[in-house]
Amino acid sequence: MSDTISDLIDRLHREAALERPDADTPDVGIVMGSDSDLETMMTGGKRRGAYDAFVDELGFAEQTDYEDAPAERFTFETYVTSAHRTPDLMTAYAETAEDRGLEVIIAGAGGKSADLPNMTASIAYPLPVIGVPVQEKSVDSVIGMPTGAPMVAVDAGKSFNAALSAAQILARQHEPVRERLVDYHEALREDVGVVSRALHDGGTPAYRDEN
Amino acid sequence: MSDTISDLIDRLHREAALERPDADTPDVGIVMGSDSDLETMMTGGKRRGAYDAFVDELGFAEQTDYEDAPAERFTFETYVTSAHRTPDLMTAYAETAEDRGLEVIIAGAGGKSADLPNMTASIAYPLPVIGVPVQEKSVDSVIGMPTGAPMVAVDAGKSFNAALSAAQILARQHEPVRERLVDYHEALREDVGVVSRALHDGGTPAYRDEN
Amino acid sequence: MSDTISDLIDRLHREAALERPDADTPDVGIVMGSDSDLETMMTGGKRRGAYDAFVDELGFAEQTDYEDAPAERFTFETYVTSAHRTPDLMTAYAETAEDRGLEVIIAGAGGKSADLPNMTASIAYPLPVIGVPVQEKSVDSVIGMPTGAPMVAVDAGKSFNAALSAAQILARQHEPVRERLVDYHEALREDVGVVSRALHDGGTPAYRDEN
Amino acid sequence: MSDTISDLIDRLHREAALERPDADTPDVGIVMGSDSDLETMMTGGKRRGAYDAFVDELGFAEQTDYEDAPAERFTFETYVTSAHRTPDLMTAYAETAEDRGLEVIIAGAGGKSADLPNMTASIAYPLPVIGVPVQEKSVDSVIGMPTGAPMVAVDAGKSFNAALSAAQILARQHEPVRERLVDYHEALREDVGVVSRALHDGGTPAYRDEN
Amino acid sequence: MSDTISDLIDRLHREAALERPDADTPDVGIVMGSDSDLETMMTGGKRRGAYDAFVDELGFAEQTDYEDAPAERFTFETYVTSAHRTPDLMTAYAETAEDRGLEVIIAGAGGKSADLPNMTASIAYPLPVIGVPVQEKSVDSVIGMPTGAPMVAVDAGKSFNAALSAAQILARQHEPVRERLVDYHEALREDVGVVSRALHDGGTPAYRDEN
Amino acid sequence: MSDTISDLIDRLHREAALERPDADTPDVGIVMGSDSDLETMMTGGKRRGAYDAFVDELGFAEQTDYEDAPAERFTFETYVTSAHRTPDLMTAYAETAEDRGLEVIIAGAGGKSADLPNMTASIAYPLPVIGVPVQEKSVDSVIGMPTGAPMVAVDAGKSFNAALSAAQILARQHEPVRERLVDYHEALREDVGVVSRALHDGGTPAYRDEN
Amino acid sequence: MSDTISDLIDRLHREAALERPDADTPDVGIVMGSDSDLETMMTGGKRRGAYDAFVDELGFAEQTDYEDAPAERFTFETYVTSAHRTPDLMTAYAETAEDRGLEVIIAGAGGKSADLPNMTASIAYPLPVIGVPVQEKSVDSVIGMPTGAPMVAVDAGKSFNAALSAAQILARQHEPVRERLVDYHEALREDVGVVSRALHDGGTPAYRDEN
Amino acid sequence: MSDTISDLIDRLHREAALERPDADTPDVGIVMGSDSDLETMMTGGKRRGAYDAFVDELGFAEQTDYEDAPAERFTFETYVTSAHRTPDLMTAYAETAEDRGLEVIIAGAGGKSADLPNMTASIAYPLPVIGVPVQEKSVDSVIGMPTGAPMVAVDAGKSFNAALSAAQILARQHEPVRERLVDYHEALREDVGVVSRALHDGGTPAYRDEN
């Protein structure tokens, strides 16, 4: 078996066996089927992604070293694992998730057989999983979970919203996360207000020329 | 204005102003766009619904009287409100939801303009809202929230799964809910095992004749 | 709450309380979900938009200042308001529309959850609202109003036609608007005639080379 | 040529040449492509139709004899004409519509080539035409008018809403129509309120058993 | 009314009244909804069009002057006419087609309401009409003729094939057209054979580098 | 090889080698992929089929014996042949068609791989072939012929219209067929006229009760 | 963990560890996501299924007891396992498949997230897996495997064809399977021939009345 | 008839009549409808193709000369043949395939009427055929084979996977092919592992900047 896959699976099981304090483990786990999904899932694509939402808007940090948690209280971690190329790594990730301290998983995959979110939700149960269809054609495969196998989904490519939804779940227990969500939203609303007034009061041609 | 709509709006605002203890208010709010959605959203339709999941599988009770909470610790409430016929009632419901003690909302609507879940999520923010497209043709309208306006969705007609997902959110804080989710799942898995063994060991014709 | 949103809501309610003469208020209200819809809804995009129809073809003017109506008899106003980011501004716009003197609203939104036209129609009722799906994928969400909640729609991206349709409604009361519609149409038909004759009488290769 | 088609064409042109007072001519013209569309377009189908909206909810009457207008002030007339089988009758209907006193046309057709509404709108211009796709598969054909050729559409099969939209246009000039629209809507809203309260206060099982 | 449209309508009726010999009138009439369809319908677009098929492959000529027929025995003529902008010109074209000596019509239109082919077939009946959906989204509207109103269609954008199909109809009476169809096809087949042998015998990399 | 398939192939080649007079051979060949298509293709289904059009409306007869042509001048023959189960019979049918005296073929098939019409057209070339998609899901497969391989199609299930289209092709050479097409159409139009007048003059409730 | 699931997983691993002779183990493994798929996957539904193909047409037997192989040389086994409810059983099935002597797997699942065939193929690799979408809406999810993860699919609901395809793979090594495939096909072809001759020679009305 | 097509047909039949040893004939036959499919089917397109899988990953060679087999034990051959332009060449290819020593065919075609794979499978039966829809719109036509006519399909454009699937079939008899499949897969998995570890341990911004 691939050495690296084997190492990663071992690492995940080792972490699950540890009893790290909540504040030292990631709160949100982000997995995607391929690193070609990185722009859609995290940052740098046409739309802002989960990384942008967590880091720029909600004050989360990305945890990259289990031994050295970031200073920020709320964190996420990021892995690539393919349902069809590395089903064993996917299984190890999902079955250790709750024991490794994750509170919610965001899982994204593209293509028409976007099975990663659904399989992750099936194995990580009862941990909540938010599925992100990386492409429009992935929506059906992601949203169609059978009765008895819960998972929720956001719209194609909208990992930014998945991050907000994950934060909404954390906010039920953590008032600071709730406050950051509210602050983010008020800023967003103010932007709409400023645009609306500028358009109305300046008129269409002026607004168009200035923007 | 319609007297009953007006009364309901007043009631919701009154409840929001009260400081009822958490255990006395519903944990989950269920709203649907029409009472013709009742079978899909709650119970009695082709598939089992949210009512069946909450009451039969997870030990929740339906709260019908704010003054008289059920004995069960975990409860939900049920309202009909239409985005297009009673936008004011929908707004009152959503803007009072958090203050009335709800932890998560399940909102379902049918048709191609299934706006109720989306508007409810927009107004109830930062409360998490799980949208249920009541018909297949409602999926696009429900799932398509724009960036910055979070909401999660389940598959068409699967209010049963929405209830499980809502319970997964509550389970992050409430270990008893987590345990009920696990128990429910184990029973479900045992059912699959029994069926699988019977089919394999008995053979297709025998299984078919007996089932 | 966002200060600008709050100011705009106050402004709309103040205007609704005034008794301005019909000729001083806009006849048509145009709202869109985001300023990224401006090219599709108004002018400058691949297709001509509502602004082009109103200003270039039908002699309307854009009113930008409630205190200072344009000299033109027929006018429209333009706002951005998002159903999902600023539901309160959307509600204020729609519920004051008739009292502010509007005769018809054109409302456009993109995405799969294009709820702005539908919610505006629901709240501004009985004022007629013409919905414009800003993208092809917005058509279903815009057109699918439930029985009892009327709204009419045009094809995706065709705000130009929405402006003509709005003018057709105004033309029922205002003969000058009717005449401008007829003049516009005759010019359009003459264009087809000239092209048709040139193509037929010159032949395909000649026409192609010259155009 | 078919005698009856010929007679109907003559009749329409004769009516157009007369100068009947507004109150004696129908306000709304309803045309459909086939009498198999009657249930969808008018009354008796799965959904309520335009006839039900006009007669039961808004106090309109159907005018069947040009010489003998109904006592009701607001009326509609009903014809069958097929775009593909009787294009000459369709043309005669549309080109005489404004001169015969119609203020708005509701045109419905089924199938994938649902051309009747579009052709009627093209010929009856600048009279407003509301297209009704009689089947889901007719939506694209009905809504897709090219730039410069205005027509508005409602959702598949919703002739009831088309009647409300037609009344919204008439209501711009006729306060009584506006009042009837408001009254209808309030009753509709009261219905939602009563259902919502009954469901919430009685609980799901009780409501389900009683309805 | 537009002078040019009026002139063209008069011209078509004048031609219909004349008794020109068959060899002097066009055999095939080509109409399209807009000159923006010219590349798809005739020549110069991504695919070869009807002009290329008729002129380059089948030896037809385009007739541009009714008084001065080309030397070639088989000819076609080309007009633009819009179903929704110039329904009167479309009607005149179709109702004079048979009397003007046309044997078959090729009619193309784009958009979702691609009514030109269908209306032309309805009015020109019993002349055969081949509809060309100019865009993929025009296919449904073009192909969906109701029972009793015959028209045949080709695939989206394939006016080249429509020309071949028109020639197949003419070939039933005119052996020379049949022979040209056969010659064209043999050349096409030889091309496939040459490519196939070169690919097989040279191998994939060599073929790819040379082509 | 199947004896019956072998016999049929021999029979077709034998007929092709004979020089029967035109009046003794079928004018139209009808093939379908399975006898389960018979109701859709010929008669007895929800819609009227090709048999109904030819026999009831246009005075054609079905020829069942090559040695004993019916008295009627215009005839059709009917075979079942499957593209995927009997490609050799399909090939024999198509490659002998022109030599056996057919002037046009109507070929219908269901399913998503509805290859029979397309393969028949490819092999029978340059004979015109009208494809009938037996199911809605067969439309794409039937209509999508590549450039250079002509075939025309009608809408799903409309073999009745395919028969009319085939007759339109025959009518170019045979005035009696043209006259029957015109007579059929006039009767159809009269039906619309009678229905339209009855509905208008009697009013909706009366018409509905009587029909 | 569910006792029965646990037992089945143990049984599969035990079988994999044994060195049973080829002739004693099943050649084809059939898995489906739920026993509600039984009619589609095996026998008794609207279409004939894999059981019918294997047992009635190809002389295979169903093996139900690993200790007691059927007398027939070629056999299949049948299990239910759900990707989303029992991912561990699915994994055990797939990872033991090759060691248990299977030569090919047929895996069917319904719904929009039909992940069972794809996950089974990913884990059982390099064993060939034929996916059967149990419903039309399962096709995309089943067929969409990413590059590097091979699996082949048949059309929705066509487990009968999947059985033939599995036999085609076995036939590469086993001439008797090849002969049974040929015999089956010849009988099928003879059926078409008989039907075709009866329809042609008897004529449509006679055939219809007798069938 | 086209000389080259005729030559190729003769060549195929000649080869089929020879008794060449297995090791000297191609194991896999690849056919495509046009040389414009070459990038998708073989190599050089956006995705890697069948050529890349066979030559780069599995050690196969392309056989271009029947008299001079490559040194490699496992080989494939490549032809272009069009179902609609050269049905006779397609038939000759498929009916000689088994006798020419092929073990499996990969057949790809584009467009909506992608009949080549289906017809090849029908004629080459009982040889297994793997269909490759060259475009997304070709999927339905390729996958939709009727009951009794087996063929399997891969996803649109994924000829790379078709090659792996063909090798999976060969691997049932040839252990070396099985080993190459396993080696290829392990390398693929190692790639995922390396990417996953780099992303997690380096963090999103670092990974993004370096890749």
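First chain written, first letter: the chains are A, B, C, D, E, F, G and H, and each begins at residue 1.
Rule of thumb we're sticking to: a contact is a pair of C-beta atoms (placed from the backbone, for glycine too) under 8 Å apart; a residue touches a chain by one contact, two chains touch by 3 or more.
The structure presented is a predicted model; accordingly, all values stated were derived computationally and were not measured.
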Result of counting contacting C-beta pairs for C-D and A-H, higher pair: C-D
F-H, G-H or A-H - pair sharing over half of the B-D contact pairs: A-H
Mean-CA-position distance for chain C and chain A (Å): 38
Distance between the centres, which are taken as Cα means, of chain D and chain A, whole angstrom: 49
Shared interface positions of chain F, touching two or more other chains: 34, 82, 85, 112, 143-145, 148-149, 155, 185, 188
Parts of chain H lying in touch with chain E, wherever the complex brings them together: 1-8, 34-35, 38-39, 42-44, 51, 62, 64-65, 77-82, 85-86, 89, 112
Residue numbers on chain F that touch chain E, as the complex places them: 47-48, 103-104, 125-128, 130, 139, 143-145, 147-155, 158, 160-162, 164-165, 167-169, 171-173, 178, 181-182, 185, 188
Complex contacts: residues of chain A adjacent to chain G: 33-34, 82-85, 87, 91, 111-115, 118-119, 121-123, 137, 140-146, 148-149
Residue numbers on chain B that touch chain G, as the complex places them: 155, 185-186, 188-190, 192-197, 199-205, 207-208, 211
